[in-house]
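Order of writing sets the labels: A, B, C and D. Residues in every chain begin at 1.
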Amino acid sequence: MSAYLVRRLFESALILIGITLVTFVLLYLVPADPARQIAGRSATVETVQNIRDQLGLNDPFFLQYWRYLTALFQGDMGRSYLQRAEVSELIATRLPASLLLMVAAIVTELAFGLTIGIVAALRRNKPVDHGLMIFSFVSISAPQFVIGILLLYVFAVKLGWFPIGGYGTFAHVVLPAVTLGFLGAGWYSRMMRSSVIDVLGQDFVRTAQAKGLGKARIILRHVLPNAILPIIAMIGIDIGLFMSGIVVVESVFGWPGIGQLAWQAIQRVDIPVIMGVTMVSATAIVLGNLLADLVAPLVDPRIKMK
Amino acid sequence: MLQDLLTRPRAAFGLFIIVLMVGAAVFAPWIMPHDPFEQSFDGLSLVGAPLPPGGDFLLGTDLLGRDLASRLILGTRTSLIIGVLANGIAILLGAGVGITAGYFGGWVGAILMRFTDLMMAFPALLLAIVLAAIFQPSLLIVALVIAMVNWVQMARVIYTETRSLAERDFITVQRALGAGHLRILLKHLLPHLLSSIVVFGTLGISTTVLLEATLSFLGVGVQPPMPSWGNIIFENQTYFSTAPWLVFIPGSAILLLALAFNLVGDALRDILDPTLKGRH
Amino acid sequence: MNQPVLTVRDLSVQVATPSGAKMVLEGLSFDLRAGETLCLAGESGSGKSMTALAIMGLLPKPMCRIAGGSVKLGETELVGLSDAGYRQIRTARVAMIFQEPMTSLNPLMTVQQQLSETLLEHGACTRAEAPGRALQLLRDVQLTEPDRRLKQYPHELSGGMRQRVMIAIALACDPEVLIADEPTTALDVTVQAEILDLIRDLQRDHGTAVLMITHDMGVVAEMADRVVILRHGCEVESAPVRDLFAAPQSAYAQELLAAVPRLGSAPPRPAKPQGPTVLKVDDLTVRFDVTGGLLNRVTARVHAVEGVSFDIRAGETLALVGESGCGKSTIGKALLGLVPWQGSVLVNGRQTRGMGPARLKPVRRDIQMVFQDPGASLDSRMTVGDQVAEPLLIHGLASGSELTDRTEHLFRRVGLSPDMMARYPHEFSGGQRQRINIARALSLSPKLIVADESVSALDVSVQAQVLGLLQEIQDEDGLAFLFISHDMAVIEQVADQVMVMRLGQVVEEGARDAVLRDPRHAYTRRLLSAVPVPDPTQLRHERIETESLGSPIWPAGQGPEKLHLNAVAPDHRVAV
Amino acid sequence: EVDENAPMGGSMIVTYKDDVATLDPAIGYDWQNWSMIKSLFDGLMGYAPGTTTLRNELASSYTISEDGLTHIFKLKDGIKFHNGREIVASDVKFSLDRVTNPETRSPGAGFFGMIAGFDDWSAGNGEGLSGVKVIDDKTVEITLSRPDATFGHVMALNFASIVPKEAVEASGEDFGREPVGSGAFKLAEWSPGQRVVFERFEDYHRANLPKLDQVTFEIGLEPTVALLRLQQGQADIPGDGIPPAQFLQVMNDPAQKAHVIEGGQLHTGYITLNTQMAPFDNVAVRKAVNMAINKDRIVKIINGRAVPANQPLPPTMPGYADDYEGYAFDPAKAKDMLAEAGFADGFTTELYVMNVDPNPRIAQAIQQDLKEIGITAEIRNLAQANVIAAGGEADQAPMIWSGGMAWIADFPDPSNFYGPILGCAGAVQGGWNWSWYCNEDLDARAAEADAMTGEANAAARIEAWKSIYLDVMEDAPWVPVFNEQRFTLTSGKVAGDASLFVDPVHIPVNYDYIYSKEAE
């Protein structure tokens, strides 16, 4: 177990380092000069050169990368070029909002997705099932920003049930979380449905029936725990989707998370911030997957950590 | 297969929508009621507000006074071209990597799959935005960028499937018969992977259309004035409360297209996968 | 005799298929009395399982339904019983064990949980008593280390153990009727024998009525008091077991019984001229690495095959027997270069050690393999004609009309009509598919065919046909076979030489009659004694208990002790 | 005029979408933090509220030598930093040295180029600006290397704010998060991404100021949301302005319109035509383009929140030529001119634009106008940084629409519209003169005009600048499109002279002088 954990952590670290390299190369290729963004309009060409020198932007690529990597290993993500604040601090102030949104969205999508999936599977090929599956198709197909704007329009502007964007209370988190979780609810309901159907067809369910167990017990004790297994791995992968969704949803709802930070940073080639945000989201994705892999054996005794 | 699709109401509906949209894209010049680029003087109210649906402009006008219906019809082209192009590239890349890694395994496979893992961990949208910033967006670049983001899942799916197929008896038999790699790959593996590729392909088109819309929504997609459903929304989104039709009509178009491909893809999965026969 | 506990009258079951409703069971009637064992026998698909599920009220919904008839448990009519009514009866009065012990237990619950659940559901004991009762049940089914087993999950148990747990669950509430649907088909012969013994013992102690479903006439002969033979969902014959075996009335029963291979009844193998040696294997060793730890280093190895040596001459059949996992298939694969191996393999005089796929290609024209599962070894997306022709293309042996001619010839050779060539594998029955596999293997005119459990998946009658085909081919072409099987009776029919394997090593080898009629190694004897004898008049063999099998997995650097074979007779060697 | 006796007390909420980047006066350079810094920090010079009139701020007197090279500032008595320490002359030197120190990487360093010793110091040599001398605790003498009439304005820039050395050194790079100045307000709270709170600085050097006890900046509110907040009485000023989408709605509602104050802005939106790239190296082509753009329509597209422009300077800027006609909209004539220039069939070119609404829309309007005269302009819709990078290359961006990155004057002086964006100095790789327009003659006249110091020359100087800009238009390197107007919406709970709500240097409002009606 611990050897496994160590190896997985090591692999994850390698992946993250790989990501720093890819991002760094990409940003190196972006045809925009951060020094000019910093220098401002009144700057002379010499000043810009000077700033480039100071930031080491004139150094060869690998030297720059090496410098970044060594600093990163010491926990230093650098300073924002434009805000002059520690990237770690900028992220730290925004991460809680994003995490809150993410957790709320995961709860939303699981609550909806799993319930819908189970109900649809148990009412397979009945009108209820068809209705729910059409709903899930729609939710998979709907662009997040349209859903976001629609929810905002209907529930905040027209009905006034929720605040129109912003951050702070529970009411604030509802619409963004639903928007973000909407897509996931569709996926999960479909996966859960086929998973439940799969499990329902398995021999041990027949055994449970042959034992004379009640329907509720069969579903709760035998079907659901088995049906949920394939879903666990999905939750890990999901984090990646969230990271993408968050940029959009945060911009629609004015949610002060790292999606907005990333968007602004990309607009203005604030390289340390872009790197930082990429690292944080990649870490979240990697950790999510790792966590899913670590949780799986706890739920499923058959899986050995290898 | 077509017959199979048509007998399923949902898939038939999806197919119908797709045919409709392809038709709209192909015949756009003939069916557009107005010039989609013309910023018509009559297209704006006196104070410069867009016109709501109805009247001369069937679906209303956008903030520049252009006919929304015409722009939507022309936007079908963009969405479909991107969908097909990006998805095609993603499939080639993803299936190529997946099959190679899955069939040959060894260190080549290990390196390919580690790379795939790495790309998995990359926040996809960030990657797309950064790529879009490096290469000035054009239809082809946008398609490439989306393909870059989307091939990963394809590779994963195909890899897993190739791995399990490669273990199957009928492939072992081929090896025992002395068949070369190329023959095994093309004649035996590929036909079995084809259903996944087709299914993933159709589902991928919907993801692609959505991603293009998102990129356009963030302002890094297809270049104006070429309409794409995403950038129509992008240009007009802040007006959603005063001119909701500008957001929700193109939004519904995206939804409908993605829905159509999802429905067809899902039905194809059932039709092409014999183990799923009879339980949809 | 006492009143029947279970009365089935005119039972009919219908399934919905895409082409309309289909009767899979029609007008079946029988009685089952306490303490009696009734066997339902018949080929695959004859409706045996449907009968069992219909009685249990577990027919897969919504495709299947009872179309008519009655099932009475004592005085209770089961047909049309409500869900709640069925729940009280299941396991409490009628219990069932299923064919697949591997999948019939919930993988996420411990043995104890699954047992207690049953007990508590039917109020057989209180929650506090449950663990004790569960333990007692495990003792009753003679599970080793019952205390430990209670805490284990199904995947930690072997197939035999799981089937014992299933039986424990089935008997938890002391049911009047026990339905066992092919309870031993998925198990090794020795384990099968143990399970059958167990069921018999329990039945004796509890007076349970047993409805046993099987397609193995050996099992029927050993277990049944009475037999009902089904075919295409209809009863063909119903008779006490002795009567049936002594004088089957219906043509179908006669045919079925005739096809059953009987150990010890095979005619002597015809003497053959000593052909040239087509395969010479020396000290063949195959090990699979098990990796783990921080750096994913090899921590252990599966010693699948350890120092096996043998020769096969042209026109000769060498049979390889042994329990599941002993390395039989691995030997076959090694011979074709499908797994990495050490030692020496001479095919038709050519050393194949260290050859890559390219250099092995010509060798593969001399040695071919036919696998156990005829369906899985055919590509479902290619016509069978193309598949049979493919080896000729690969090796550039024919093309154009010559290719078609040769393919047609091969089809005819295995008893198939050439106009079937354009069909896909799923359009054939299991026996036909195996013929196609054989045709494909023959296409290269090999000197030796490795037949890996090539008839195990087939019904007895089909099995007999395929075996006949193989024999015919051997007689005509002087082909050599390496025949891998776990079925002693089959081996007796086809083998010239027999090699018994255990944990990757040979324990006994020699001429067929020497090994099968005069087994010297305890393990060989045990294998033989476990084979059910399809003759109800014959006394069952005394079971020979041996120590548990052990595992082929050894930590890196260690390995099993090497066995040496001693000659006990001119053509008969046994490990000491 | 400003009511000095307005009541004191009360508070106000201002909303913003984006986080405050920094409050360091040497760094902050966006319109959001510009006025916030103005309230937290003071420099030697400042502006009379609501006007562009220079006045002494921390300085009690400001004298300029005859030759215009030596400027002597005397500090007021008893002025204090927020940390309680009295401000002395060495703080002035420290502050100016700091902002021009290359290590500081201040985007405003270039403004101080006229101070003697700037070139050495900004190249990293020496111990600070040699031209800034501390005479005694109250007196600073600043020597210029050339006479410069804008120097007073430069000293009123945020970049010239006086900062306490000890606080700067204690905070290091984080000074922008923990600002200590001597302005009317001091920072009370900063929750990144959520809110920034200013509270009254009791020891402020002007009596009875500021009027408000507290100003709260709520961060992360989309303009649409901000407007709703305001309508519900939960905010007083939407810092990002009235959202374009709701502009008409607000203006059509008399109740709300009553709370809208309109004013000019020192802003010009323009299209640069790269004078070094064919075919824009042909002045006739540039003029034709000038005549092709339908500015009224573009103004309509942004709901009339601007006035069409015909010259670089905005109307509120001294030197604006009222009587100048510019190039009137005349596509027919433009087409003829193109034909004469040899482009009867038009040509294909590219138009760069920043990818934030409404700029892509405006670009499309421009595109359509160009198409009328046969020019096919492909739009390059890119992130801000990429547009700036493209403009800084001599041969990359033939046309750029400046929106989103446009020139808002740093100080109300005509010279501010010339140097980096129209002068030769900016027409270098990485520069901001995206037209790559370099007229040596005009450069010389600009230098002359800036050397005209003193009150007496003021009028002549303005005239000189006026003619410079009109001559620029002769070469037509730009198409001036519009001057944005300011529309400040308030909740009605805050009050003050109207000019305070459209203060030319304090955007959106002059925080120091407006007061709360609740305090009355």
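Things to note:
Just so it is clear, a residue touches a chain if its C-beta (ideal position, glycine included) is under 8 Å from a C-beta of that chain, and two chains touch if they have at least 3 such contacts.
Because the structure is predicted, anything quoted here is derived from the model rather than measured.
Closest chain to the protein centre (all Cα atoms averaged), using per-chain Cα means: A. Just to note, of B-C and B-D, the chains joined by more C-beta pairs in contact are B-D.
Chain centres here are Cα averages; for chain B and chain C they lie 48 Å apart.
If each chain is reduced to the centroid of its CA atoms, chain C and chain D end up 87 Å from each other.
The mean-CA centres of chain B and chain D are about 44 angstrom from one another, to the nearest whole unit.
Chain centres here are Cα means. That of chain A falls 39 Å from that of chain D.
Listed for chain A are residues 30-32, 157, 266, each touching two or more other chains. Touching two or more other chains at once are residues 224, 356, 383, 385-386 of chain D.
For chain C, the set of residues that touch two or more other chains is empty.
Interface residues of chain D, counted against chain A in their complex, comprise 17-19, 21-22, 24, 27, 29, 102-103, 105-111, 113, 122-124, 173-174, 176-177, 191-194, 219-222, 224-225, 228, 356, 383-386, 388-390, 392, 407, 410, 419-421, 425, 428-432. In the complex of the two chains, the chain B residues touching chain C come out as 168-170, 172-173, 175-180, 183, 187-188, 191-192, 274, 278.
Residues 56, 58, 83, 86-92, 95-96, 98, 100, 103-109, 117-118, 121-122, 153, 155-156, 166, 169-170, 292-296 of chain C are the ones that touch chain A when the two sit in their complex. Those residues of chain A that touch chain D in the complex are listed here as 30-34, 36-48, 50-51, 54, 79, 82-86, 89-90, 93-94, 97, 157, 163-168, 253-256, 260, 264, 266-269. By the touch criterion given at the top, residues 10, 114-115, 117-118, 120-127, 129-131, 133-134, 206, 210, 213-214, 217-218, 230, 233, 237, 240-241, 244, 247-248, 251-252, 254-259, 262-263, 266, 279-280 of chain B touch chain A in their complex.
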